[in-house]
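Going in written order, the chains are labelled A, B, C, D, E, F, G and H, and every chain counts its residues from 1.
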Amino acid sequence: MDSKTVAAILADFRDGRLSMEQALDKFKDLPYEDLDFVKIDHHRMLRQGFPEVVFAQGKTPAQVAAIVERLAQVNGNVIASRATPEMYEATRALVPAARYHEVARMIVVRRDEVVVDEDRFILVMTAGTSDIPVAEEAALTAEIMGNKVTRVFDVGVAGIHRLLAQRQTIEEANVIIVVAGMEGALASVVGGMVAKPVIAVPTSVGYGANFGGIAALLAMLNSCAAGVAVVNIDNGFGAGRLASIINKMR
Amino acid sequence: MDSKTVAAILADFRDGRLSMEQALDKFKDLPYEDLDFVKIDHHRMLRQGFPEVVFAQGKTPAQVAAIVERLAQVNGNVIASRATPEMYEATRALVPAARYHEVARMIVVRRDEVVVDEDRFILVMTAGTSDIPVAEEAALTAEIMGNKVTRVFDVGVAGIHRLLAQRQTIEEANVIIVVAGMEGALASVVGGMVAKPVIAVPTSVGYGANFGGIAALLAMLNSCAAGVAVVNIDNGFGAGRLASIINKMR
Amino acid sequence: MDSKTVAAILADFRDGRLSMEQALDKFKDLPYEDLDFVKIDHHRMLRQGFPEVVFAQGKTPAQVAAIVERLAQVNGNVIASRATPEMYEATRALVPAARYHEVARMIVVRRDEVVVDEDRFILVMTAGTSDIPVAEEAALTAEIMGNKVTRVFDVGVAGIHRLLAQRQTIEEANVIIVVAGMEGALASVVGGMVAKPVIAVPTSVGYGANFGGIAALLAMLNSCAAGVAVVNIDNGFGAGRLASIINKMR
Amino acid sequence: MDSKTVAAILADFRDGRLSMEQALDKFKDLPYEDLDFVKIDHHRMLRQGFPEVVFAQGKTPAQVAAIVERLAQVNGNVIASRATPEMYEATRALVPAARYHEVARMIVVRRDEVVVDEDRFILVMTAGTSDIPVAEEAALTAEIMGNKVTRVFDVGVAGIHRLLAQRQTIEEANVIIVVAGMEGALASVVGGMVAKPVIAVPTSVGYGANFGGIAALLAMLNSCAAGVAVVNIDNGFGAGRLASIINKMR
Amino acid sequence: MDSKTVAAILADFRDGRLSMEQALDKFKDLPYEDLDFVKIDHHRMLRQGFPEVVFAQGKTPAQVAAIVERLAQVNGNVIASRATPEMYEATRALVPAARYHEVARMIVVRRDEVVVDEDRFILVMTAGTSDIPVAEEAALTAEIMGNKVTRVFDVGVAGIHRLLAQRQTIEEANVIIVVAGMEGALASVVGGMVAKPVIAVPTSVGYGANFGGIAALLAMLNSCAAGVAVVNIDNGFGAGRLASIINKMR
Amino acid sequence: MDSKTVAAILADFRDGRLSMEQALDKFKDLPYEDLDFVKIDHHRMLRQGFPEVVFAQGKTPAQVAAIVERLAQVNGNVIASRATPEMYEATRALVPAARYHEVARMIVVRRDEVVVDEDRFILVMTAGTSDIPVAEEAALTAEIMGNKVTRVFDVGVAGIHRLLAQRQTIEEANVIIVVAGMEGALASVVGGMVAKPVIAVPTSVGYGANFGGIAALLAMLNSCAAGVAVVNIDNGFGAGRLASIINKMR
Amino acid sequence: MDSKTVAAILADFRDGRLSMEQALDKFKDLPYEDLDFVKIDHHRMLRQGFPEVVFAQGKTPAQVAAIVERLAQVNGNVIASRATPEMYEATRALVPAARYHEVARMIVVRRDEVVVDEDRFILVMTAGTSDIPVAEEAALTAEIMGNKVTRVFDVGVAGIHRLLAQRQTIEEANVIIVVAGMEGALASVVGGMVAKPVIAVPTSVGYGANFGGIAALLAMLNSCAAGVAVVNIDNGFGAGRLASIINKMR
Amino acid sequence: MDSKTVAAILADFRDGRLSMEQALDKFKDLPYEDLDFVKIDHHRMLRQGFPEVVFAQGKTPAQVAAIVERLAQVNGNVIASRATPEMYEATRALVPAARYHEVARMIVVRRDEVVVDEDRFILVMTAGTSDIPVAEEAALTAEIMGNKVTRVFDVGVAGIHRLLAQRQTIEEANVIIVVAGMEGALASVVGGMVAKPVIAVPTSVGYGANFGGIAALLAMLNSCAAGVAVVNIDNGFGAGRLASIINKMR
């Protein structure tokens, strides 16, 4: 089965000439599409509710553009994380609908109207201003996956009154993402304030004995508050994805 | 306010002579009870839906018994984690309703009928047999907090067919806890199979360059599957608590 | 100069038969006393205002007793840290005035009336109950060096209201010692509340990826609050000594 | 409350049209000012005696300039640490009173006459010449906060006579900051010479198994001299700030 | 023995004027050739079946070119790993037969017809697309040493069905090289599927708490599957060389 | 299918009432047997040529005995590694054919005549005498899996003539296992002498900055000799198993 | 050649029936003696001037005794380091001349009159009293190898006047061994005082962030004084041996 | 005492108008010269036999030039290590006698005829070609301090015959410096061959799990050969300096 055949099926599905069931039938012997340098997993959308996200870092602009283009043929929404402006330029040439979020370093294709449950929001908090890029990666990921997101930035624990001023927002949130570098203490304080899932994202922000985020990572793992789980250093996408999964459970 | 007064309020509430509202009024100037060596946070039950859990490790049997007794005066259900048989003996003398779960190393007081939503279960999986104590700590925590729990043990990735044989159970679960030592790969494989929250618990099981669980911890943090978050090494309680929070969201 | 001569000088000074100046003259060619296995630095009392403190850990009961005895001949107050009950028994046989503080694991000889400035107190705080032994080592050290000490224990950041309830005490303190294990976040929160020196003591309390106190140590070093300095893991004595030095400045 | 209102209050206070009390009244519902990318904590000046210091590293020149400008509207003195010449250029355009200290890498706005107690000075020492930038950051911080500072550089322990030649200065100091990379031994030697607070700053100076300052950090934490506390690697500002707090106690 | 003599012998051997036995005779007092900055070990070809491979990283283009030229005078096949395009340019000027493989970053001189046993192939697998350069280094090394190589890329465990689709190829392979970064779990899953030697190559691919490949390295060392051995991070050459040695055993 | 049914099939197969093919048919819907606390993978013998090996460490004597018994019902040969004498006592009561190798800490059931190819032997070498237990674990594993094994112990590189005296044996070996602690240099020297697969096993032998085998592990991973691969610290079994797989290839 | 033959040669040499040259002739095909569990290198005495030293740790008392006995048959002086009293008891039964040094944990057989050059002494210094066992291991090793040794203990840098009081001794020494735990600063100070070889021995003495001697090890490696080299943590024997080699050069 | 006075004394001494004794008299109240950014220790030449060496890394070309110039006024020979060509250009303008050694990265002023003892040489060995820059730093340091140096490069243990071919040179050396990266095994092998002091220098050469020289450092610290001591990673100067001290002892 050559890649032209795949492209034809994808185009037919995208344009409505094939129903999802019909497309699935055609794909049933085809677990993934081989683009030579990457295997695209079209089943994932069905299995996990959202297509494979492109982790752009380390790929060439041309590779990023090609993968986004292929994914965009069959999906309404696509995101590429850790993308540079150069990658965006290459992508936009192939996918005019693509947009670039500079702070979050993400390329986003957003065409589907997503049904947002306005009553349940994900709260994304940061301890400092330097944590914002990672927080935006998390927030944008959650938004494009159909969640309402509220942002509260720069409320680190060394100014505890700034944090307490947000108490009401914290209590109303459905899922909370805490993004913090340095000593990472924000996760513990927030985790002790509510009985909501808290996803902690250590960032590599800091200097000296911070060790690229290890200090914050260890602090979050050792949080004295139950209900806190941790993702990898700077992994805003992972936090946003997990928050979205949880926020949609009912 | 001396501790006798506190005890009287607690007893009145426990025995129904004070309604919860009346008790709360009496407590309003009293954010916590001071037991000399520990501050018990009676507000937490209202704030977080479950009372403070006793982390028994490093405390004396007498201290554990005293804290459990006080908590049991005002709560139907109480748990103490990382408890030794000696701690249990001391506790049972004060709280006859206490039970001991040897594998999970937990003391449990369970008197309230908890309403379980039988349709939504938490799946607790282990890679090997040595991971079971941590897994039981997670499972028991979730159960006493009112969740249905299903256990699938010893399905490590080196025998991938054993894991695949559990595919249906995995797909039906609402929240999944993956407990694994050694290389911790189970979390990645499971995380890639479903779009459910996966809470990964690295264990200190292993030898050589395992470093007391660091190998598994790093593997889980670096999981190529989105939707996976990690708690501290051997922290079964934290995983069970977080899974319970998520499982009850709606 | 044999050790009997030294003992005679010491006894004369202690009993008032020699003034300090006369004793110093006699000692001028003798910078320290050689007890075979340890050199006792009698000058230190003059140079630093308090005699050498015995770090008992790793010494035999007989050695601890001998050193305490010699120091007690010339000083009113002596302390030995990290001491076991066995060491205390051996010491008490030689120095009847010695007392043992079990929680702080210290042997204390306290005979001089120390002038305490009641208006300036050192506040010793802990995040949890397991941090108390280290905190008591710090508190007792500061007390025997002539400081008023206030203790506030078990006010970790996961129950932020418990900490805020202590705000007045925190603001009135002159120097603050924060003792915390696990994620060590208490130092940052307290450091942000006041413009007082905060001495942070990480403890080896915790489990999993705590690494014997490294998680707390790193968190404290990376504190986003200025005005926080750190001593070694579990080093209650060092914190108490430094707090005493600062508290007496004027 | 929009940011123009804030600006007006600040201007009125700066220019004397509002007393501090009147300004505080106006601010009472406003714990901090939101500049979109950063929350400025104007209360801090009152709470901690000095305004928030700008940690410039990782911010854009425009962001640094904007924050310094806003802080300078309400404070006589402002400092920005880890600043590049580019950041200074941007700042000077908005705040003509700003000055740049190249060695210390700091932007300083210094307009208030600070009352210095000339009898109590902070001594800033370095082991080598490469430690000077960090030492200058500490010294300048302390100076702008109103302290007299004496500098003694390049007196590492491998030339112990150079250090001993400074004995008198060391004994006369009120607070001592020791800045050292490589093996960090200077803190121990100085700490043993006096009964004054010693704040040790490890630097990332060195090579081979220095590990970016870890060797010096560990040495300082393990100092055999009591009375030594440690701040983060290269954290000259933190040391200067803490020394200032201590030096002003009475 | 000067280097001209050596060159003459080499030329004679290359051009057939000396048989191998005759050349060996001449070399018998000469265990290696001294090129001033490197000793070339001509015996190795006889002792180990393949000449010394040039590790180009850290050498100058001129050095790389000189070493390859000398080796190519006496060997049909030569490889230089970790080579830059600049090194290749310098080499090609001296050795026209040299070719450059950009993805694998290798310079290859391939003139001898190698006898390949087509029935026994080495399988080189990667978990992701970023692992391909290391995998190509391994594959190319094995090919030039006379092995048939099959490549299966981008079959990480988070999409387990993509891996299982390759089951037949995996079972037919004689030796398997698994190249993976991030959590490195692929080695365990593959190692559990077959009773063939599995050589695991951790790569420095990843971010956050990956630590330049340590996460994958530890995971592979702790693999729960027996039959897995590990080479250094990113050491594709070493894996290819070892696989070749094993594949040729009979 | 209850466990009695499983037991019956196993007994029939063991006693010859069922051929292997018949037994396999019965097992075809049964990928593994559930012993409550462990899943036994009877398919493995067919898939990998040798039954699951029991890793006894961390299990109770009763558990070890039960697993060995069950495996011994269907396999001629069974081994349990890291076994204590107590585990052996419990096992022998159930499996009289079991034997205990004290140095290797292994329980062995050996009933099948294994066909050994006497011409191809595995060489197991150690650098010191303290490495022998790990080496014996490797050697015994290889022997029971049907390989001829030659042992050469205590030939560390600090006495290079002792190693060179074994040159002939080294050159005749088919696969070489090098077991070394301390600086682990033996693997590099041996790896440079031959073109045979070298499996390096770092041991936790040593003291000081050995870090439980990390020094040797790193040295082996960084070996300048190609053809060396590494297994986990002290993992004699893994080395023996891999050596056996390689030795039997043809 | 069986071990009886070896024993006979050894006995003949010991008792003078064979000259050294004759013995060497007999040994010429025998590079070492195989004692089953250890290869004894009798050539070393000739090659290195002192027989193999027994590293007793990790061996059984019987093994230690057997090795010492065999070495004592051919050498006048033998030492076993890291020996327990039990090992000594076993050894004394076979070698009545053996003596035990409890502090240094060494078994010593000392029968040869060693010619000591009284004008050149090795100085062994410690920073604290807890470093003495390692220092004694070094001192005793040097003494039995024929060197004059001077001990100066407990002169850590926090009491710099105690160290300076030893200046004359330091300047007269020929080789200096500095043994220190905690921050290890003594090596740097001493290294800067003289132009003599300084061998630094970090010890595992300390607590908190000492990490079993790593803090001292790093400090010593990063010493700002030239002329300092480091041996492994607690490796008193190695330091003593190296000092002896240097001290005897002329 | 201003710096002109210092310069005048130095010039008089250099030109012979003052004897050393007269110069020392003038210097007696002047332990070091303060050059603002660095204190030059002119006493060191007398105390340690060679003037302070300039560690150029991290200094500006102008600073390096100024220090070298001042040292060259009073010393015949001066060296600056880790110097760039730019530093050399700046230095040569002030000190025409300066020369630059590119491989060793050193600036050298060499005017005094040094008396070399031709019978005692220092042997500098490397394992690979990439270790040569560090080795040259060591060799050049030793040479300018008046020692004969022999170089043997690229004799790593993976080609043991290349090393053994140098046996005679090794045995004749008086002091041996072993420079090695990767697994650092060369030090152990050489250390076992002779009873001479071996100074091991780990280099940061390598890749993967080499960790910038830690692998080699640990291997050398754990060397099974006695008589080996280690200096910091890449510290060729330190090794050369120490070797010179030892080589001149008699």
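Just so it is clear, contacts are C-beta pairs under 8 Å (C-beta built on N, C-alpha and C of every residue); 3 or more make two chains touch, one makes a residue touch a chain.
Please read all numbers here as calculations on a predicted model, not as lab measurements.
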Quiz item: How short can a path of touching chains from subunit A to subunit E be, counted in steps?
Solution: 1
Quiz item: Which listed pair, F-G, A-B or G-H, reproduces A-E with over half its contact pairs identical?
Solution: F-G
Quiz item: In whole angstrom, what separates the CA-based centres of subunit D and subunit F?
Solution: 60
Quiz item: Centre to centre, by mean C-alpha position, how many angstrom separate subunit D and subunit E?
Solution: 54
Practice problem: Report the inter-chain centroid distance for subunit A and subunit C in whole angstrom, where each centroid is the mean of the CA atoms. | Solution: 50
Practice problem: Could you grab the centroid distance between subunit B and subunit D? Build each centroid from C-alpha atoms only and quote it in angstrom. | Solution: 45
Exercise. Please set out, as single numbers or ranges, the residues of subunit H touching at least two other chains.
Key: 159, 193, 208-210, 214, 217, 221-222, 232-233
Self-check item: Chains grouped in pairs wherever the two touch, ordered by label
Solution: A-B, A-C, A-D, A-E, B-C, B-E, B-F, C-D, C-G, D-G, D-H, E-F, E-H, F-G, F-H, G-H
Quiz item: Touching subunit E in the complex: which residues of subunit B?
Solution: 127-128, 156-160, 164, 182-185, 188-189, 191-193, 206, 208-211, 214-216, 218-225
Quiz item: Given the complex with subunit G, which residues does subunit C contribute to the contact?
Solution: 31-32, 37-39, 41, 43-44, 57-59, 63, 204, 213-214, 217, 232-235
Quiz item: What does subunit G use to touch subunit C in their complex?
Solution: 129-130, 132, 153-155, 159, 161-162, 165, 205, 207-210
Quiz item: Inside the complex, what are the residues of subunit B that reach subunit A?
Solution: 47-50, 53, 174, 193-197, 199, 217, 221-222, 226-233, 237-239, 241-242, 245-246, 249-250
